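Look for chain A in each of the two complexes below; its partner is chain B in the first and chain C in the second.
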Partner chain A sequence: MSTTPQVTVGEMLRRNGVSRRAFIKFCTASASAMALPAWMGAAMAEQLRHAPRPSVVYLSFQECTGCFESFTRSFAPTIENLMFDVISLDYDDTLMAASGSAAEAALATAMKDNYGKYVLIVDGSIPTGAGGACCTAGGRSADMTLRAAAEGAAVILAVGTCASFGGIPFANPNPTNAWPVSGIVAGKPIINVSGCPPIPEVITGTLLQYVTTGKLPDLDENLRPKAYFGNTIHDRCYRRPFYDAGKFAKSFDDEGARSGWCLYELGCKGPTTYNACATMKWNDGTSFPIESGHGCLGCSEPDFWDKGSFYAAQSSADWNSAGETSPREVLELAGGTAAAGAVLGVGAAGMGRLRQHHSEKE
Partner chain B sequence: MSRLSDIPVRVEGLPQSAPQSGTSSTTPAGLGGGLAAILSELATLLGRLAASEETAMIDLRSLPMSPADRILLQRALGDGEVHATLKAQGLSTARETGVAGVWWIEHRDAHDELCAELLEVARFPQILASAPDEIQDAAVALQARNSAAA
Partner chain C sequence: MDLLGFARGPALEVSVGIFCAGVVWRIAAFALLKIRREQSRPRQSVLRYVSEGLLATASRSWPHPEFTKRTGAGEALGYSYHMGLFVVILLYGPHIALLGSLVGFTWPGLPSPLITGLAVVTLTLFCGVLFRRLTSPVMRMLSNFDDYFTWFITMLVLVTGLAASAHLGARYETLLAIHILSVDGLLVWFPFGKLMHAFYIMPSRAINGAILARKGAPS
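Presenting the complex of A and B:
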């Protein structure tokens, strides 16, 4: 159905005067960011040079734009590298110069020309309360726009905890009746890249990995790429040896805190949080919250906003990750599909009951 | 101050001795004991390189190392004789360490931010070699130029 000529990445590189070594370097940095074996950089470079340059549509719904801010601050690969060399970013209402009907036309064209092939990136949750009036653009609700865009997508990347699990809008009492992407869309491959916001290189790396291989990465039970979400923060934390040695900071300014001891007793959620912060870190690998002296908030996990105080120590009895329940599982527990729940307009009170059920299960 | 690298960082708890050349005879004790593991892995990889020319890479950014661990690793490996620079969408350096066959590779982007840091176990770093297809294209182009000049 595509009417747009498919330009290979290699052709785009030649047009932009990017040398082979520069592209190997880009791929090496990307492989590093994607937590792939280091030797795969050169292999990726070779494979990508012959791959078509895919169309990407980026939709933002009920969100704070923090995820997009994060996306644009990826060091390896940078968004400029991705846009100029690897992908065709055909619609992004935050970044594009066009507005109004021209922007809407760009979205329609991208979806029509690349039907069945484009990568759909979504950030933000989807509010379904008040007939969808809480988030509209071009006269359509977020729910309507997402359903239409999802229909022709090859894969959907739900970027951020809001798109992945509902996030803060989904938190009790969920006044807008917000849902994650997986609560609205069924029958399409979804990759959740959670985090509030996600690590920039995890967003771009997941995208690049899909573009490189054309396949979904290995996903965990919450549909997150195992390459980034396969270990807990605690497992990979440089303070872990202090936990094992029983050395804990008792306050944020005591001798233990200054000596780099474990922040577990100060509420660190590292033991139950799956993310790559401890190894990939933030701001071009500068540090991560625990390295800066603060415990992990657990922002990449479902319902992180409803799990009590960020400063209350967890019970080790809570460490079993199998006890975590995704929003979709919450709905299934309630006896209906996610999509049906959204259509029927499960109200805030109903959501409260579901969430109570969820809490009891935990 | 306009760059992250401009923020002064002080690493506490390091030994006060000056950086050494060559392999340290003792294994530095890092926070997580990760250094001993890296040095042990390097020894294994060097053995494979010597025996069968098998090359390998270790991505330093994927390891849970503290800033102190990193500095101790640099001290343990020391400096070798070769220091190559590569200008390709930002500066890259390939520095031979004091351990023959172990290269410390740094890739920086166009904004001079570090985007990859690797240890490559090889006779020379892979990225420095000219590619066969580029050599072939260059041969054709040079022959055409020579013919035109003749």
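Presenting the complex of A and C:
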């Protein structure tokens, strides 16, 4: 991992024997994956050829490494393409061979040499409870490391729902007092690439788009690139026609579910989840969870873990801690309130009779 | 907690509670009212006038032949939008999911396009009902805030439901939350307004029929 990225991307590609034609094809494919117009492919190629490979620092905090695993499974562009041809991945404690003080030195050098220019990728939430002791590396808490790294970053990519919105560590009762990147860092451009994990090509595509254009993509109100998070999964789902036709699977793996009927009644969160799963899919476009027969969990949305049961329809009642409602709870509520109503009614009737009695006497 | 979580969580729970308490309160207060003692001698046996009362629930639910020309259109309008409402409420998939979560069992629904079509027809009939109320001098004179607000809140539920099912105008979660909140509002209003006719209409017809039968007027 180089810490002095002076070589331009074009030079690097020439050294690796990549032809201009192959490079333009790569850029066009990347632009297409990012839903950018076709002319952007040529513009990206031109920009990249003359640009020095930007330094990228990848920090992992309170996370499961699922996001990084996802990152390594990108097909267009692949992580090898990115690392060897487009970016200079100067620090990543999961991938790098160095460890201990050598790794810490690499991080410090990358931050110093590229101050104000490097791309900071953050994966995982940032625990601030117990003085930050829940997540430390090199004697520093995640909070301290993030603040120091964010200071010199040109842009921050919060990868995964934990870094974007706090994710599972942030869920009630949030025992580590975890925060998303946006809860810690202020005054820096942040791009949230949410998902648990995010789609690999969405991570690499967003990174590539920033690196090639030098500009932030259009973001939604949750700071997510609109190119990938502009539509709901439901809007692009292949089961959508069955929703429109009112054909709903009643249980997992019933005849309806196998025939591709809508999983809405089984708790699918596709209608309220903004992501590109239904179009980009996973494993080089092989499938996505709904295609495998399970409803969407809504993992790319804020607070998805606290939004009720994964298996209750979104139109259903959400009254208990499991995010569901049982007929027994309804009976208890109806019985209790009806009893109170009956007392009120008897009282009202008694008052009425009294009034009637008085008026009859008069 | 987001708006949708609030709408289908605490707001729905509170509104169902108010609905149950309010309905039982109104029914109890109505059922325990002192009925003025009839001084006249009954013209029929008890069994006869009770059965006449029950018969009145059916006979009064249909226009009298003598008044068909005058009231038939209004009654047809009323029946049509009530039937539309029942079908839309009870046979739409997401509604069945909600009701199923409350009662513990579900039932087959109708295709969504059919429900959407019915909802549009019902909406049109609803507008017709308001038009009739506003243009008929007698109806206008009889109408008060209760009538208009009851019309408004029922209409709101229909309109927001259509928007949510068609994903029109805003994000689905916002539309669904607004729709559920409008239902919550309707449940809260239900016991205190004219929507209580759902519980009162049949008993009041039966009681009126029985009282009249006691005096010798057949249903």
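Simple rule for what comes next: the second predicted complex is superposed on the first by the 304 of 362 C-alpha atoms of A that agree within 3 Å, B and C clash if a C-alpha of one lies under 4 Å from a C-alpha of the other, contacts with A are read in each partner's own complex, and residues count from 1 in each chain.
Everything that follows uses one rule, which is that a contact is a pair of C-beta atoms (placed from the backbone, for glycine too) under 8 Å apart; a residue touches a chain by one contact, two chains touch by 3 or more.
What you are looking at is a predicted structure, and each value in this text was computed from that prediction instead of being measured.
Trainee: For A:Ser32, decide between first (touching chain B), second (touching chain C), both and neither.
Mentor: First partner only, chain B.
Trainee: Once chain A of both complexes is superposed, is A:Ile156 in touch with chain B (first), chain C (second), both, or neither?
Mentor: neither
Trainee: Scan A:Met280 for contacts with chain B and chain C and give back first, second, both or neither.
Mentor: The answer is first: A:Met280 touches chain B but not chain C.
Trainee: By the touch definition at the top of the document, which applies to A:Pro241: first (chain B), second (chain C), both, or neither?
Mentor: After superposing on A, A:Pro241 lies in contact with chain B but is clear of chain C.
Trainee: State whether A:Gly260 touches chain B only (first), chain C only (second), both chains, or neither.
Mentor: Only chain B; A:Gly260 stays clear of chain C.
Trainee: Does chain A have more residues touched by chain B or by chain C?
Mentor: C
Trainee: Between chain B (first) and chain C (second), which does A:Leu223 come into contact with in this model arrangement: first, second, both, or neither?
Mentor: In the superposed model, A:Leu223 contacts neither chain B nor chain C.
Trainee: Could you tell me if A:Ser19 is touching chain B, chain C, both of them or neither one (first, second, both, neither)?
Mentor: first
Trainee: Same chain A residues contacting chain B and chain C, which ones?
Mentor: No residue sits in both footprints.
Trainee: Can you tell me which positions in chain A touch chain C when the two form their complex?
Mentor: For chain A paired with chain C, touching residues are 232, 234-235, 243-248, 250, 264-265, 271-272, 303, 307-308, 312-319, 324-327, 330, 333-334, 336-342, 344-346, 348-350, 352-353, 356.
Trainee: In the complex formed with chain B, which residues of chain A make contact?
Mentor: These residues of chain A touch chain B: 18-22, 24-26, 28-29, 31-33, 35, 37-39, 41-42, 75-76, 78, 236-241, 260, 278-280, 283-286, 291.
Trainee: Taking the touch rule as given, give the residues of chain B at its contact with chain A in the complex, in rising order.
Mentor: Those residues of chain B that touch chain A are 4, 31-33, 55-59, 61-66, 69, 86, 88-90, 92, 107, 109, 113-118, 120, 126-127, 131, 134.
Trainee: Where on chain C is chain A touching in the complex?
Mentor: 2, 4-5, 8-9, 12-13, 16-18, 20-34, 92-98, 100-104, 106, 109-115, 167, 171-173, 176, 180
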